[in-house]
């Protein structure tokens, strides 16, 4: 191992742990400096580098750098850097170190070469990121964080089970292409799927991200799901099942986004939709489609961060991101407005923005492969993106009817972070070759053919015109403060009653058997507390007689069972 | 009770015989029933009886608390030390064969010391119990 | 856009009916130009549907309208009070 | 009889292992002065640890060592028998004893009255003697005697706690411990009437030819339940939390690191090298019962730990849960399962001792271990609490720490057996551990310090060193598994080799 072959992810994690102990200035230097150091380290690492460490009887591949890992590593580090600038105004030990460990784990996972390491980083992203939600320090955020954690750990557990099974079947721990078929591979697929917010497994994104802190949401939007995209690109490239899944993901969130009132939740829906594009690319699996997915992830992290940052700035200044309470902010926050519009144009994929040059690759991939319906639905989803991210976000936050907020422009550090991100969106849009050069495969064609520019512009412009028509005709749905049900209803609402009924029945049954003894069953927090808490049957100090009683019960049970077996 | 003349005089008479009986039980241990444990209890009875009749302070004047607390570990030390001596002389731990020139003498000697240790510890522990209970103030 | 923070009650540039109309007409004109430009370059359609004239314009418009109306319908089904989950 | 005259250290190591702390304890009691007694006890415990290390090396090199006490040849005399399993446990117990002793001086000065300190160290060494004795003896009844030696001294060690409830806890432990010991001795008695022998190896040889009759089952029953009480297997665990919570800090650390581990050793000794795996696990449904109890412990006790307000109680309930991991490994009765159980005995001793020592340091500084009083204490005692966090992460099973190694092997063992559901149980239990450890860490590091925590600071060096050392060892043994896994694997192979 040469000095340079160190996983930059480990560097970030170490710095994150160190940051815990430092005063504010030291932490800021670390949060800014470490991503830069990591970037330099990553660029200096020769392509194809491979570092292995023998442990537990097999080789852990600590570092594996290839064409697929490189762009993801780069963009994760850039995202960490942008987030660091964006967070400079706040003094929060917890978030500073959590976000670095989180980003570090994501980078580490991308550069890890075996499934065991992947699992470790996978869990680390889950555990570290939950602090970004907890850091909101509200009751709502706490319960959202717990639900988030359950999903994330669930994914981790599934991944672990999948890895072990996969290892049993193939004898290989290598993190590389996996063919769907065995139970193990399905478990891994599903574990990735949870983290990638597959339809029906998606709701933790909309549930948790809007509850995170202003800066936390930016980091959350960058790492977790894109790590899953990377994992799919690494292990399941060309797996056709991903295409229908991806298409569904591009389409269904747009309907929910239209009626959502919380603008950060709208962005969370839009995140799902964008992931769908990437998954379709991975599912198609051709060189151009993979390029499309990777570059889309790259560009997406930047403009989605930008959008979350602009909404963060709005939240920071006005204290709300509810569409029904906002509007007219362009007067107070002009720069934020401009940056937000640039982000919106990018995500919608207007020519000369990063979204255009990357989404074009995926669409071209679908065209070349001749998937007509896929292509059509992707076009449809593009119009959908225009609706909820391209128009809705900037329109309701900054224009629309005046919400009456008279606030200051966003803090300088936020403006700088947004400015850099906005600049990057346009830079990539104008000079796509810089991004194309680091993609896994060579890109030969420029995205800017007359046809593609004209047709995409037509599509998007007429979407805007449709918006104009609807809003002028008063047909556009009003913004109403509301909660919109989603799959989380199942476990947040029905689940509660279900658990309640179960617990009631269990208690009843127990009472019948042991005369008023309290049940030890129950899943809901209150129930567990009732039984396992300090006053519960399990948690309280037992009288000596009760202990002795149990000893007798055990003796009797063992004896009976033993004699039964000898009969 | 201190005023009861008969009890006081009789106790003073009996005490030496109790001690002699204790020593008899102790030394008779390898041939008949008896040994360090019983002897220890009997010896302790002497002090306890004295304490009952003449009061706790009087008993503690003969056997101070500090001495009792010293004797308890001392007995164990004698027991364990005998074993170590046997070990140093070439046998296994607690092997008395090499304590004397002849194995049977060695064993005799070994048992004697071990029983002495037991006597000291048991006697002093019993006394310590008595002191502890008798010394408790009513609350 | 004005640089100074506007006073309360004074409508901003984007809140005057006249200006909004201006933006709207510019948009319409731009749409018209785009539609016209359709006939000025050589088409390389991958799918038959792309050969329909003004396909992208119609598709974009209809897709948008569909999404909005579907959303409105969806609201009937899934919209609840804001504090829905907070109640016990 | 045997052995040529002349003293040879190597030959007498098994005896010295027990005799040194025993005589040390006695002399400790005679010293009367707390500080002197501590110095002496430190020397003795380090010597004891050195002896165990030498024994371990000797056993690894030359195989099982047998030592006939008093020169009487086994199986008629009492045999001290050191095989790899015994040597491994001796190593853990004696080193835990030595390391905690380094720490003990300041803590004991703070928590025990001056007049009782020498007695405290005496009892500590006696307890050490008893625990080592259980692990080293090859005689079933002698094991009972040592069990009583260790238990009686442990009751005293607990009762010396400052809190008045320490007395009640000690009394409860006494009742339960006595019931356990009685069951054990009943079991041994039945075995004696069956086989006419008290020597484990001899009993095993005689049992091989016997059918599995009802008395044998009764013996297994009493032995298992008796030892289960001692090792706090669910639902016989309830003496443990109070005993841990109200005992002096040093006692708690020592108890957590060693006492349950030795009981587990005894269980393994009886299951695998006395009755044999075939009798216990194939004829009887031991696996099912133990798995059920272990799982209940892993989930139930962990859940209880989540809601405790006293840090020591959180850790105590976690210990009950962790014992569940170990017994689960035993219950699987396969190579990987036993390996994981043994590795976890080692690792859990390591991390729990570290955690309790750190908590003891907190108690020294602020006089409370209620979670509420620990709010924001992290930045005030950074080194202690960083070590606490490390050990806490290990408790969860974070990769890179010792806790992960044991869980990894346990999961592998479960999979090897084909029981997939249990993987999720292990994961679920770890998840609950995330909650209770996270709750502690959140309070310690991320809350605003309260009035008590404000004036806290890191403890003196003599306390800090063991804490830091152990928590670094937690990392070390998370990466370097030669000592733990390789040895444990050899032991597992030996135990499953069956009764000769």
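When the chains are written out, they are named A, B, C and D in that same order, and each has its own residue count from 1.
Please note the rule applied: a residue touches a chain if its C-beta (ideal position, glycine included) is under 8 Å from a C-beta of that chain, and two chains touch if they have at least 3 such contacts.
Since we're looking at a predicted model, the values are computed, not measured.
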{"item": "Farthest chain relative to subunit C (centres taken as mean CA coordinates)", "value": "B"}
{"item": "Which of B-D and A-D has more C-beta contact pairs", "value": "A-D"}
{"item": "Separation of subunit A from subunit D, taking each centre as the mean of its C-alpha atoms, in whole Å", "value": "43"}
{"item": "Computed distance of Cα centres, subunit D from subunit B, in Å", "value": "36"}
{"item": "Averaged-CA centre spacing for the pair subunit D and subunit C, given as whole angstrom", "value": "70"}
{"item": "Chain centre separation (subunit A, subunit C; CA means) in Å", "value": "28"}
{"item": "Touching two or more other chains - residue numbers and ranges from subunit C", "value": "none"}
{"item": "For the subunit C and subunit A complex, residues of the former touching the latter", "value": "1-3, 5-6, 8, 11-12, 14-15, 24, 27-28, 30-31, 34-35, 37-38, 41-44, 46-47, 49-50, 54, 56-65, 67-68, 70-72, 74-75, 77-86"}
{"item": "Subunit D contact footprint on subunit B (complex, rising order)", "value": "69-70, 72-74, 76-77, 80-81, 83-84, 87-98"}
{"item": "Touching residues on subunit D, where the partner in the complex is subunit B", "value": "1-7, 12, 15-16, 19, 22-23, 25-30, 67-71, 122"}
{"item": "Complex interface listing, subunit D residues touching subunit A", "value": "171-172, 175-176, 179-180, 183, 212-214, 217-218, 220-222, 224-225, 228-229, 235-236, 238-239, 241-242, 283-285, 289, 300-301, 303-304, 306-309, 317, 382, 386, 399-400, 405, 408, 411-412, 415, 420, 423-424, 427, 431, 434, 442, 445-446, 479, 481, 485"}
{"item": "Parts of subunit A lying in touch with subunit D, wherever the complex brings them together", "value": "20-21, 55-56, 93-94, 119-120, 123, 127, 134, 149, 153, 157, 160-161, 164-165, 168, 520, 528-529, 531-534, 536, 538-539, 541-542, 544, 546-548, 550-551, 553-555, 557-559, 561-563, 565-566"}
